[in-house]
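Structures incoming, each one as structure tokens.
Next come two complexes built around chain A: one with chain B, the other with chain C.
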Partner chain A sequence: MLKCNINGVDLEVPEGTKLIEAFLKAEQKIAHYCWHPGLSVAGVCRLCMCEIEGNPRLQIACNTEVQEGMVASNQSEKVKETVRWGMDFHLINHPLDCPICDQAGECGLQEQYMEYGQYTPSMAHAKVKKRKVVSLGSKVVLDSERCILCSRCVRFTDEVTKTHELGIFNRGDKSEIGTFHDKPLENKYAVNTVDICPVGALTSKEFRFKQRVWYLKDEKTVCPGCSTGCSVKVYHNQEGLFRVKPEYDAEVNEHWMCDEGRGVFDWVNRQNRQSYSVNAENMEKPSSSELKLILTAQQTVEEYESLFEYLKSSNKKVEVYYWKNNPDKFDDFDNLLIRGDKNPNTKGLLETAVKHDITLNPFSGFDGFESFEGDIWFILPENKAVYPLYEQYVEKALKLENNLTIFAVPKVKVDKTKKNISILPLKTYFEKDGHFLNFNGLKRQLKPGPLQVSSALALNEWVSFVKSDDFGDQVDLLSKRKSEGFRKKNEMTQTGGGL
Partner chain B sequence: MSVEVKRKDQNQSWLLPSVLSGMSLTFGKMWGNLFNRKKMPTLNYPEEKYEYGPRFKGNHVLTVKKDGSLRCTACMLCATNCPADCITIIASEHDNEEVEKFPIHYEIDILRCVFCGFCEEACPVDAIRMGPEWQSPALNGGSFVYDIRHLAFRSELRGGIESRLDDAERHKAGI
Partner chain C sequence: MAFILKDEDKNFVLEELKRYESKYSAIIPSLFRIQKKEGWISAEAVSVLSEVMGLPEAHINEVLQFYTMFNKEPVGKLHVQVCTNVSCAMNGGRELAKKICQKYQVKEGAVSQDGMITVTRVECLGACDKAPMMQVNDKYWEDLTQESAIQILEDLKQKVVG
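Right, the complex of A and B next:
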């Protein structure tokens, strides 16, 4: 450990720490663009200036390692003046695009200008015009005028994905970001460049112009896209969910996430959901003493716990079937984040099943169910996109003559005159409490966000309904909810236009 | 707490003088207006209408560019600033990369509007102004939600009001 003093704050940092990290650790403000904790040091933006005792020249904090007894500060007028001029140089050719720019509201340039801006521009010449709205592949759009050439995006493709698509071309004020031979930027992590771009030079095609960022709230949760279980932030408002960004998690995803995971918010939105229950009263009828249950590894550990406890305590003859979407690809891994097992909680399911002594039979369609007379519970996966046989199985299930209960997040089209089928809406990962165990058994907690569908319940809540004696009352309550808009108050109403 | 009850003024108990003074005022004004109509302070609305000054904050106008397209860049600053929450904008990608972003849907619910003028003040490009019109009759509630067609191209505007700030000029000046 090395002792140092930053702006008068004494602290100890491990050897090899950069001065900028010491500044941030001491909770001192320091201007910076090109330095990113997940990437190598470039030292190109020249904003992280600081004064080191014994050194007559100002130094950049991102490329200076802390030495024993170092005394550094960035409070003097000299440093502030330098940063102000550095900032002004960045703005020489910057367009005044903020009203159109998607980054406005979370822009590094805007934020740091408020702090370190020159406010009286001294540039007398016309701005250099560069390419605007350049499509870099199917996910990212580039605006070269807004780029401040911090090279974060280039370093990301060089160091993290190692795909080397991006580069800086030309020299001087003609420098521009681009791809070699205009080959598209098509890797599975491309949208991370949008996150790390400190300005609005790189924007995401999916999110572009959908919302202004100040209309969005974020909620920290876990990505249910695969068994890696990246920590993410989901951005939402009263109109629904709009985007997903990674959240720093040292043990799992560090600063990054994959592009596929950014699309997994869509099924949470109300328009794609089963929003009411069908024939819920079926659940209280004295039903047969045999039960077949089909489940996937997309529920939380808490839900499996309560489900298995119920199955054990009821004196029914139960058979549990485990529906695996792509068993042959379960162990795939791309050496960065993406895993072939597209379920967030496979480990949790297997461990809970062992704990409750439940045998999981492989599920491979409804063949062999013809002679079966008892009840069937079918718990559908939330992320139906990764279940290639989803439509086929649901269609088959809806033809069954058994007393069938479907727990569903996505919409299920059912003939309401068929009294043997009941459909119960489920909550999604964004709305429920509980935790997932990721591929190596790390526990990742979900936080309940605002409910998108008022009648949805988590599986454990449904099970406690089924267990309780007054299920009939509860069903009444549910239908009341539907008709009277019960619980509307704490639900986000999706009327649209309420910006 | 005790409340002191004021005794009635002796004069007030005499009804007739008050009635007569009221009547004389009424009839005085009536004769005055009948024989000296120029000095009459009221208007014969709706045949006669009062012209407000150009700074009057009445119904909104969306300005247009030289080529007649909407000036609005769909930045949503007006909607953010609006205290009555009555502006709805849906933005979209424009074919022209110089324009980049424009509103495909812009609505003001004029019944919710409090005519504060904050939208006009927030707009960075002089795309929304509040004009001198203040009468907005309509036959049903839906007609009080003004869309782009009404806000920018209603017949009273005779083809649209041109914005003071044009991007083409800004680019030419190298800003």
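Right, the complex of A and C next:
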């Protein structure tokens, strides 16, 4: 360990630590555009200036290693003056179009400008015009004028995805980020470049112009997109969910997540949900002595626990069917994050089943179910996109004459006169407490955000209804729960932003 | 027209790759080789090079786009680069460029109808004492007048055709 002093704060850091990391560790503010903890050092933005005792010249903190006894600060007028000038250079050709920029509110340049901006521009020359709306493939848009050439995005495609699509072309004030021959940027992690871009040069097509970031709250939770279980932040407000970003997690996903995982929030939104129950008014407590249950690996461990415990303690004859999607791809891995098992909790399901001595029979359709006299509980997966046979099985199920209860996140179109079928809306990963076990058994804790469908329930709640004496009342209450009056689309936000 | 890297050029590139510690160092000589043969470097050529060299297209393109000496568009058989920086400009460099364009009915940067001439204005080529001057392909022509420059180009044209 090395002792050092940063802005008067004494601390110890391991050998090889960069000065900028020491600043951050000491909770000192230090501007940085090009340095990113997940990438190599570029040292090009010149904003992380600091003064090191005994060194007459200012140094950049991102490319200086801490030495034993180093005393550094970025508080002096000399440093501030330098940063002010550096800032001015960055702004020579920057359009400063914050009012129409998606990054406004979470932009490094904007923050720095508030503190160090000269406000009255001293440049007599016109700004260099560059390409304003460049479509970089299906997911990312580039505004070359806003780019400050920090090269983070280039280093990302070089070092993390190793797909090498991006480069800095031309030179001087004509330098521009781009792909060779305007090829689309289509790697599976492309939107991470949007996250790390310190300004509004790279924006996400999906999120662009949908919301101002200061109207959004965020919730730290886990991505249910595959068995990796990346730590993420979900951004939402009364209108619903709007985007997902990765959250640093040293054990799983570090700074990144895949693009597919960013889209999964969509099924949580009310407009895509089964938002009311069907035939639940006069529902009776499941009384048959036989029960068939179909489930997937998309529920939480807590749900499996309560379900299996109930099944074991009831005196019913129970058969549990495990609906597995694409089992032949379960072991696929792209060597970065994406896994072929598109369920967040396969391990959790298997372990809980073993713990409660439950046999999981493979599910392959409803053949032979017709003659069955007991109850059927059909728990649909919430991420139906990864279940190729989803529509087919649901259609089959809706034709059954058995006493069937369907638990669903996505909309299910049922003929209401078919009194043998009831549908109950299910909570999504974003709305319930609980955890998954990822591919290597690591506990992935969910954190519930606001309920999007008020009558939705988790399976453990269902089990508690079934166990309670006033089952009918409970279900009744659930179906009568009024939705919370979600706000309609904010008339102040645009949906356009054509390319 | 699809770009094909001839065996001899491919071998050249492979040899260059061996010469340097970093593969990236071989980009410039390889690009120059192609330009020498083709007159310019197309996107296709970059793709082929990328495969031969085992380097990403984007990185080769970074080098290509950085240097103005590489032609990113086709040029005529005679690439006439007229200096219009200070010394040459003061001695009629700009007018010279205009004159040549007029004479061969070609816009700056474009290729004349017969495929012979491309005129571009360039910054100082380091021959200020002999201003105005032009560079035709690899060769400098100095102390020019409008007449002498046209004469030189006519002679060169003759040589190329002949």
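Keep in mind that, in the parts below, the second predicted complex is superposed on the first by the 472 of 499 C-alpha atoms of A that agree within 3 Å, B and C clash if a C-alpha of one lies under 4 Å from a C-alpha of the other, contacts with A are read in each partner's own complex, and residues count from 1 in each chain.
The rule is short, and it goes like this: a contact is a pair of C-beta atoms (placed from the backbone, for glycine too) under 8 Å apart; a residue touches a chain by one contact, two chains touch by 3 or more.
What you see is a predicted model, and the numbers here were worked out from it, not measured in a lab.
Within the superposed three-chain model, A:A250 lies out of touch with both chain B and chain C [touch as defined at top].
In the superposition on chain A, A:I168 contacts chain C only, with no contact to chain B. In the superposition on chain A, no contact is made by A:M114 with either chain B or chain C. For chain A in complex with chain B, the touching residues are 96, 98-100, 104, 125-127, 129, 132-133, 208-209, 212, 214-215, 497-499. Within the complex formed with chain C, the residues of chain A that make contact are 157-158, 164-171, 179-181, 183.
Within the complex formed with chain A, the chain B residues making contact are 73-77, 79-80, 85, 87-89, 91-93, 97-98, 100-101, 107, 124-125, 171, 173-175. If you check the complex, the residues on chain C that touch chain A are 43, 46, 56-62, 65-66.
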